[in-house]
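Pasting a structure here, questions to come.
Chain lettering (A, B, C and D) follows the sequence in which the chains are written, and residue indices restart at 1 in each chain.
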Amino acid sequence: MAKLNMVQAINLALQEEMQKDPAVVVLGEDVGVDGGVFRVTEGLLDRFGSERVIDTPLAESGITGTAIGMAVSGLKPVAEIQFEGFSYMTIDQLAAHASRIRYRTRGRYHCPMVIRAPYGGGVKALEHHSEAVATFFIHIPGLKVVIPSSPYDAKGLLLSSIRDPDPVFYFEPKKLYRAFREEVPEGEYTVPLGEGKKLTEGNNVTVISWGAMVRVCEEALEKVKDISVELIDLRTLSPLDEKIIMNSVRKTGRCVIVHEEPKTLGFGGEIIARINEKAFLYLEAPVKRVTGYDIPVPLPKLEDIYLPDAEKVAQAIKETVHF
Amino acid sequence: MPRKKILDLSVDWLSILDYEGNADKILEPALDNETLEKFYRTMVITRLFDDKALKLQRQGRMLTFGSCLGQEASQIGSAFAMKSDDWFFPAFREHGVQIARGIPMKLLYIYWMGSEDANLMLPHRNFTVAIPVSTQVLHAVGAALAAKIQKQNIASVVYFGDGATSEGDFHEGMNFAGVFKTPTVFVCQNNQYAISLPREKQTASKTLAQKALAYGFEGIQVDGNDVLAVYSATEAALLKAKSGGGPTLIECFTYRLGAHTTSDDPTRYRKKEEEEEWRKKDPIKRFRTYLEKKGIWNQSYEDKLLKEASEEIEKAVEEAEAYSPVVENMFKYVYAEITPDLKEQMDELLGFIAKRKR
Amino acid sequence: MAKLNMVQAINLALQEEMQKDPAVVVLGEDVGVDGGVFRVTEGLLDRFGSERVIDTPLAESGITGTAIGMAVSGLKPVAEIQFEGFSYMTIDQLAAHASRIRYRTRGRYHCPMVIRAPYGGGVKALEHHSEAVATFFIHIPGLKVVIPSSPYDAKGLLLSSIRDPDPVFYFEPKKLYRAFREEVPEGEYTVPLGEGKKLTEGNNVTVISWGAMVRVCEEALEKVKDISVELIDLRTLSPLDEKIIMNSVRKTGRCVIVHEEPKTLGFGGEIIARINEKAFLYLEAPVKRVTGYDIPVPLPKLEDIYLPDAEKVAQAIKETVHF
Amino acid sequence: MPRKKILDLSVDWLSILDYEGNADKILEPALDNETLEKFYRTMVITRLFDDKALKLQRQGRMLTFGSCLGQEASQIGSAFAMKSDDWFFPAFREHGVQIARGIPMKLLYIYWMGSEDANLMLPHRNFTVAIPVSTQVLHAVGAALAAKIQKQNIASVVYFGDGATSEGDFHEGMNFAGVFKTPTVFVCQNNQYAISLPREKQTASKTLAQKALAYGFEGIQVDGNDVLAVYSATEAALLKAKSGGGPTLIECFTYRLGAHTTSDDPTRYRKKEEEEEWRKKDPIKRFRTYLEKKGIWNQSYEDKLLKEASEEIEKAVEEAEAYSPVVENMFKYVYAEITPDLKEQMDELLGFIAKRKR
């Protein structure tokens, strides 16, 4: 078993699944010869050839719609959108088609495809290269949305996503691409979609997050050692693991949600609504959100203060516990 | 070194049948009488199907409906060039192609009466209609690319209108097809209007066929009211596609004789005289003249056909109207497995319904 | 003063503002010769000519991006997207550009444009013609989102939208287009963006809605005459009138939110989050949502049971009051 | 009636200057020495600006940066054909055009160091860069349409790469331009790659210029390493545009000598030999030979130019690095008036910052 970073773990998942299942094909801009701008698809072209690792022209709706046609024809396309900031152009094909093929044909056809895209801020990138856009996709019925926060989960969740008979948007927190390594087994294991994970057990307050912000929350925990925090990594945003949230909040009575997506209509609001609906009587304090602001993600000079950080999270935890 | 012409490109026009029932001797496709008769019959059934739909809509028994009146040659000619294994991707006006491809009329009516339950893609590789204009172009390219990867000797045929050529997805799809040399036939039914917008205002190019040149493959403009020309062009394009020659764009030059849909009033944007001119070019009448000369058509054949077709259609309508949709289907087919969320929402709705029944 | 329906009121607003301000131009599919598929732009071409009333080719991103170029050049384009179900194709241009021009140029340029589109269900329309897509646009910082529920407001809000120096997505609940008439003054009046409206005063429960659902709520009120309901029509979804919500909920302690958008990440969730944050201690019951389900809007045979209706709303009101 | 050719289309190639410093006598534009010298100077400054940016980036003093090395003729030739009143819409690699248009280099550096505060569109009608590929094409068409409506005798010039021609927005923009005959010049810098994708895999058409034919207007392929050819073609296109002749697509056939950006490693996808071949075609060297023959250029001129330019650039960098962005700007410019929500969020953030400072 090797220690891998997230890029390597995703690459390994692709290698293994393509080896195992000839229906899996990879397509996108620069995914072949170049191995992807983040090298996530490195080596795939050499190993599987240009019929299964397809460098496409520069067209995001085109990639998405083509993948749909492939998926209904029995392939399992894994398409890459080079940066999440260009995923807006996939929304029409996803919302109008990919997500509805099963529904519209009453199960006679379905659309097993994955769209992968690097996600979110924190790497001092150009405009449109640091955005957190999950809301647009979570809000599409029939689509699933996944954001891993560790190499291990990244591999396991990607395998589940590729094998899932329905379309999945798989976002890769680019800040974590090479941030750390951990043991990632070779070969068969999956992390099921729709299941969150408790990272710490605690009684005072539940902290909910996903993607790169999970690591920020862990940092924050170091700053509030006197507080017993239950940290939950949702991992899948759609479908949501309501159970893990409600069980925890019913126990702690307090909750902080941390995400880099803008506040208004970020997923945190929806989670608060669910808590309100299903754990109202358990709540001892308002649920707090630590989020991106309702502004376009600023260029790198101001990016750090834009993003949630350990201090902001720690303060929110303290305020919630001492409400 | 200085200024010089580096590229010569051209577009052809194809027509085979004239209005007197004569086919060009060299271009006439070698079709047996049975096949010719099938073409005719399907064109007639399509027209009756269409007409019935309009009547039902007026009586409030159907949703908004877009008739394909006048486009029967474009639709039937191209449809019968396909093999049943080929993929068919429609826009929303391809009733004729759908009927030719063997989708039961009952299912077509159920869909246009307002239920997805009919979208079964029966019998084989008949995609559901695409309401958002041009989105289906990409699906057809993807299916063709998949066929190539899977080494299946099939092609995909995608239908769209003149208006659809303005959309980004048309462009991205055409370009992918050119780059990957996918076995795709792009059938553009240029019926001269996109709702109220006349063809000349849709794009400044002289033909739609020439748009293929931007993607490095052939475009041809075909007399879209000539079922033989459309058949020939589509057959040739499919042959080319399946032998590795890549995609073709076929512009069927035709006319939408009816309104855009039952919600539309064409008198707002076009002259009656223009419609009249095109009515004279009726593709069914034109083909009938040819068949009559060939001894395939006569009045008693027509009477029998009309009677049989009407009966078939009445039966389809009756069955369609007897169908009532299944509430649970709304929730059951969003994902392969119903999610806890959706289960909860479904149960809540079923609770409401049960309560109301009480 | 004439009694007008919503189509007429919107048309009147366009007529008056085009007359008054030569910078206002209308563009979109079938808006000219045809007068729009719902006849909202009827008569404009004859009156203002084809340079100011522009029939465009069939391309939604094209219409949006072209409008942006016009807006930065000093015009005030009012673009129509023929149905909300085709508004997905506008998201990229709106999120990546229209909404950021002021921000990116630090106020040196701005983008005064309006996108109008018919909105939502209830008219037995084809697929993609009955969708409620506000979330996608509310979530875009820098964009404003408006949905009127009456002819009077429709005119006043459209005038404010056109005059607003920033881009506005103005959704028109098509079910209300010809549903009723009311007095709509000719000439100058506006309804300010960002201000909700109390339709009834009440003490037991706050009901919040917008667009066509406001009328459903009014119907529901007939069924719960014994309950004192404060009904609020938000009218503008972005920016949100938090004040009107908090003042009411702090008074009633109970709240029901009604929208036809799908539940998950519908705007109701965000409102609940705000109430949780700012009126937590006043709440006597969980806030309830009556919404569209998390499924693609079904075709008309099942549309009625998909949409919130007076009975569903009345039941939610009762449950909330008797919690 | 039967099959016949109905349309003949063609594409021209334009080149004026050869590599020995000779210009085609007929096509040579009538430019005075001062103008020619300005072309050269701006090309040289651009190269130095660019080089400095790469160095700064390697030292961690700048963001990811895309050099325009090798494309100076395409950029400067087209830029100086514009009038200052014309609209300029860049992609993200048009440093040369930006410099030619008079945007202070200090501002360009501030932007690429990571602050929007520099995006002032100074001095006039210079739009901000568009990072999402091809989106700016539509803005240029809109601005040109506005000019037409407002009866301003100006044009818009929009820049994009070979890769950009695959995007839907390119298509929709080109089509709108054709239909509305907008005064727009589309300058496609075909630098043979879109990141790693070579031009031949981007589209199957033989040229990019021919794509204009799909929209009913002219496309021309120009030697993009020949500043005189690019200037001439752009000037002619602008003249046509402003006299009501509608849009033109100019494909500048050139080469990106550097990496796509500082994050890119071109050895992964192309041969050193290919780069070497193109390095021989250096547009600056080529133009210098011509100027030398004309007596405009000599070594002492070059030395002086390099010295002055370097000083100017060092000063710009210094000023840019002295700039620190204003936090409030993040909130102040989202809407004309700050909303209560944003005010609250801003105050919260300012509170955080104040607390940290303590």
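Here is the rule we use: contacts are C-beta pairs under 8 Å (C-beta built on N, C-alpha and C of every residue); 3 or more make two chains touch, one makes a residue touch a chain.
Treat the numbers as computed from the prediction; the structure is a model and nothing was measured.
Chain centres here are means of the Cα atoms, and by that rule the chain farthest away from subunit D is B.
The interface holding more C-beta pairs in contact, when A-B is weighed against A-D, is A-B. Remark: subunit A and subunit C have CA centroids separated by 31 Å (rounded to whole angstrom). Between subunit A and subunit B, the centres computed from C-alpha atoms are 40 Å apart.
In this assembly, the C-alpha centroid of subunit A lies 36 Å from the C-alpha centroid of subunit D.
For this pair, subunit B with subunit D, the centres built from the Cα atoms lie 43 Å apart. Those residues of subunit A in touch with two or more other chains are numbered 57, 59, 61-62, 85-86, 89, 92, 96, 103-104, 127-128, 141-142, 240, 264, 293-296. Looking at subunit D, residues 116, 132, 166-169, 172, 175, 179, 201-203, 334, 341 sit in touch with two or more other chains. Within the complex formed with subunit A, the subunit D residues making contact are 63-64, 92, 111, 113-116, 131-134, 163-164, 166-168, 194-197, 201-203, 263-264, 268-269, 324-325, 327, 330-331, 334, 341-342, 345-346, 349, 352-353, 356.
For subunit C in complex with subunit D, the touching residues are 25, 51-52, 54, 56-57, 59, 61-62, 64-75, 77, 92-93, 96-97, 101-110, 141-142, 144, 164-166, 194, 239-240, 242-243.
Only residues 87, 116-117, 119-121, 127-128, 130, 132, 135, 137-150, 156, 168-169, 172-173, 175-176, 179-180, 329, 332-336, 339-341 of subunit B touch subunit A when the two sit together in their complex. Here subunit C touches subunit B in the complex through residues 29-30, 32-35, 37, 55, 57-62, 85-86, 89, 124-129, 263-264, 293-296, 298-303, 305-306, 311-312, 315, going by the rule given at the top. Subunit A makes touch with subunit C in their complex at residues 85-86, 88-89, 91-92, 95-96, 99-100, 103-104, 127-128, 135-136, 138-139, 141-142, 238, 240, 262, 264-270, 272-274, 276-277, 280, 283, 285-289, 293-296.
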